[in-house]
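Should a chain be cited, it is by its letter among A, B, C and D, assigned in written order, with residues numbered from 1 in that chain.
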Amino acid sequence: MLKVLAVIKVPGCYHDRMPAARAEAVRQLVEVGRRFDARGWVLGTSGNFSVVSGRDPLRLTITASGLFKGQLTPDQFLEIDDGCAVVEGTSGKPSAEAQLHVEIVRLRPAGAVLHTHSIFSTLVSDIRGSDRGLHVTGYEMLKGLDGVTTHEHREFIPILENDQNMPRLAAKVREALTTHPQCHAFLLRRHGLYTWGRTLMDAVRHVEILEFLLEAVGRAGEVAIYRAASTPRLSALDAVDQAQEA
Amino acid sequence: MLKVLAVIKVPGCYHDRMPAARAEAVRQLVEVGRRFDARGWVLGTSGNFSVVSGRDPLRLTITASGLFKGQLTPDQFLEIDDGCAVVEGTSGKPSAEAQLHVEIVRLRPAGAVLHTHSIFSTLVSDIRGSDRGLHVTGYEMLKGLDGVTTHEHREFIPILENDQNMPRLAAKVREALTTHPQCHAFLLRRHGLYTWGRTLMDAVRHVEILEFLLEAVGRAGEVAIYRAASTPRLSALDAVDQAQEA
Amino acid sequence: MLKVLAVIKVPGCYHDRMPAARAEAVRQLVEVGRRFDARGWVLGTSGNFSVVSGRDPLRLTITASGLFKGQLTPDQFLEIDDGCAVVEGTSGKPSAEAQLHVEIVRLRPAGAVLHTHSIFSTLVSDIRGSDRGLHVTGYEMLKGLDGVTTHEHREFIPILENDQNMPRLAAKVREALTTHPQCHAFLLRRHGLYTWGRTLMDAVRHVEILEFLLEAVGRAGEVAIYRAASTPRLSALDAVDQAQEA
Amino acid sequence: MLKVLAVIKVPGCYHDRMPAARAEAVRQLVEVGRRFDARGWVLGTSGNFSVVSGRDPLRLTITASGLFKGQLTPDQFLEIDDGCAVVEGTSGKPSAEAQLHVEIVRLRPAGAVLHTHSIFSTLVSDIRGSDRGLHVTGYEMLKGLDGVTTHEHREFIPILENDQNMPRLAAKVREALTTHPQCHAFLLRRHGLYTWGRTLMDAVRHVEILEFLLEAVGRAGEVAIYRAASTPRLSALDAVDQAQEA
């Protein structure tokens, strides 16, 4: 099920004990970590990533807990089963949120799950949190979401209240994914973004598109204010006859 | 017609089957993709790039659809004719917006067309969209636009409503370029920036200048508000006699 | 006491005269400088870093004064005692704020102290300065602070008035750390952030988490304004029946 | 007069025909261009840099006009005399603003002059332009300016109206530097920042410090608004008894 990100190259981190397909997936996740770290989306040790490394029985290869995502090494990934028990790997324990990854891949045809933690996803999840979600529509960027063919698409992004009780939070995720079967992502309030994709490449694209949209929505108000505040000054400029342009 | 960006070096991506001039152009476009990706202007798989690789008959070398622009390889470019049919290359299909590139190079003496998709071009295209364009004037940065020699220049940037019907959108582009023969770029609403240049170097410079100007215009309102809100505090500072500076 | 950041690699800066453990710590600090410089947190020659290289007697290895933090070399570190006298190293004088580092490691079980100087820590330290501190709560990111296990934690970050009199400023630091024995950091007003950790890795994580939180708090008002200003427009979008999502 | 930035390394760009000291300065300017380009301070082909390569007679080594500053090569620098005539180098013509560089090094003990063109220097130069300058005070970062020893220093940054008539603009620069003999920089309105230093390292530090301060001043209003808008919400949080912290 996994496809490769075409040109990602991570030198010298091949892992002898892993099957080739999983080693390749891990190699790509290391590179994804560097990319998201450079964009400031996984500061501290925030964020976590997984790929489906088996479907029957279910196996997820997931980042261990408490690591800088810009400096991952192949031995910092663990393979877990659908109860989040470690079946392969010795590097600490799986991310506390592994249960959410399992929930997602059970309910969606996902080969990879990515969780990022940017400033704008945090802010928008907070300010729109009491609405339990937000609609995003009218942006061309929406077309990068799997199956979306027009900017007129209306994407609903559920926002769930954050919770340290993982079984309870997993149940909220299950409910949100069931209630909104078309959604491509959800936000945890003041916590960040979860998205997924059929392939890791699809999931990376979804992260970048959704982070873009959340930043656009978050900044839109600043520009709206600008319009109100600066209309007189700009109007003066625009009042010059446009005939000279024609 | 193409000139090279002086020091761009892309190691080891020479393409045997391409003529040398086109291979060089592709090599430069790969580097442009990395540069714009680092600036966050082509997130997801947004944006598309082309160079004119023939004029008689018209040939465009253009990015294939659905790719990360920071990781392009030479085999991910296609050569198309003026009807957007692929005449060279086997990597998927050309960008959905290839028709806009063709329209631009027909109406302008352009050797390259670049489309970026930044936060600020998206926001400004939206907030000023109902005006069908915006004037930008008074910025020194304007002098980087081809043929502009003073910051007093008034650049009109048309804004077109976004549309998934490409023939219809191409017709709008044709009309905008005809109505505004001096314009260096246009915006698609909530979609992004199109600009071009006689050489690829000129087009890259235009992207950077226009993205700067759109960010400046987009942020100007925040600063305007700041002036209103903080004048009392700053005035207190400024009230100190300036004589001590003299 | 020092642990290593797993995969940090600084080529060719081994220092013959240093004990291996201190050389390793210095090598990591060089890399930390590059990382923070890339994020814009140590512009100019701002910021300073130290690690505890001895406890009995107390020894700190600290950046010399007046250096670009993105380009540190191993010989630009000095070893000082608890009176800030240089006991090892010939590269200029220790940072003017070395006394604050000594104060911190005396009162906290810290193996490393890091001072950054970002835009948002500067702004928030100013605007909340008259309150002598700020509470941050409700953010998942708080869990990255040592000993914190829930986003419901309330972190108090003391803000101290800036002062060029170092003994006086050190006394204020002593008082703040004593009054707030649970705090993980403090701000100097219009100056920046001080934080620490049991290991250098912990201190780096604390910097990234606190800079994230201060940026989130600093930007929260912009989004709050956006909500007020744009509710009508967004409400119109949201008024569409959500049934189609279900 | 020139000192070197300690660890800057530009591989393989030694220039046979240049004296060693000038070749070294050029090598450093190439690296400065990459650094400022990465920060987004010299987009398009904006910005220009010079070092004093002779005092008697006056010689400046300066960037040629119309180049991307992130990709400079040693042959893209020209040596000019105090009348801006090229005395060495064959790469195009000197920057249009070379005359301002000459003016600065005549009136200041400067070994290097740097001009950047950031979003925030552009915005602040505009919004404060009608005041013909702004005072900046109270920021620790001010201590990075040559000769400044306390954050209580009040730095006056003159703002000059932009002008395409270079002799006239040079006269305004002369007047500003004479009227404000202590200033470390000036802004051209809607154009950008000029600063200088005894060494190139000093000038680079001044750019970074002043860009930081202008961004802080430019963003201060947003935070000020936030305080007004969000005080009720934050007050609720802060109302919780602080006793538990003590």
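Keep in mind that, in the parts below, a residue touches a chain if its C-beta (ideal position, glycine included) is under 8 Å from a C-beta of that chain, and two chains touch if they have at least 3 such contacts.
Given the structure is predicted, the values throughout are model-derived calculations rather than measurements.
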Residue-number overlap at the chain B/chain D interface, same or different (half cut): different
Of all other chains, the one whose Cα centre sits farthest from chain A: D
Distance from chain C to chain A - Cα centre to Cα centre, in angstrom: 27
Approximate Å spacing (C-alpha centroids) for the pair chain A, chain D: 38
Set of chain A residues in contact with two or more other chains: 219-220, 222, 224-225
Interchain contacts, given as pairs of chains that touch: A-B, A-C, B-D, C-D
Residues of chain D that touch chain B when the two form their complex: 40, 43-46, 67-68, 71, 73, 76, 117, 119, 122-124, 126-127, 131, 134-135, 137, 154, 156, 162, 164, 179-183, 188, 190-192, 218-222, 224-225, 228
Contacting residues of chain A [partner chain B, same complex]: 5-8, 39, 138-141, 144, 149-152, 204-206, 208-209, 211-212, 215-216, 219-220, 222-227, 229-230, 233-234, 237-238, 240, 242, 244-246
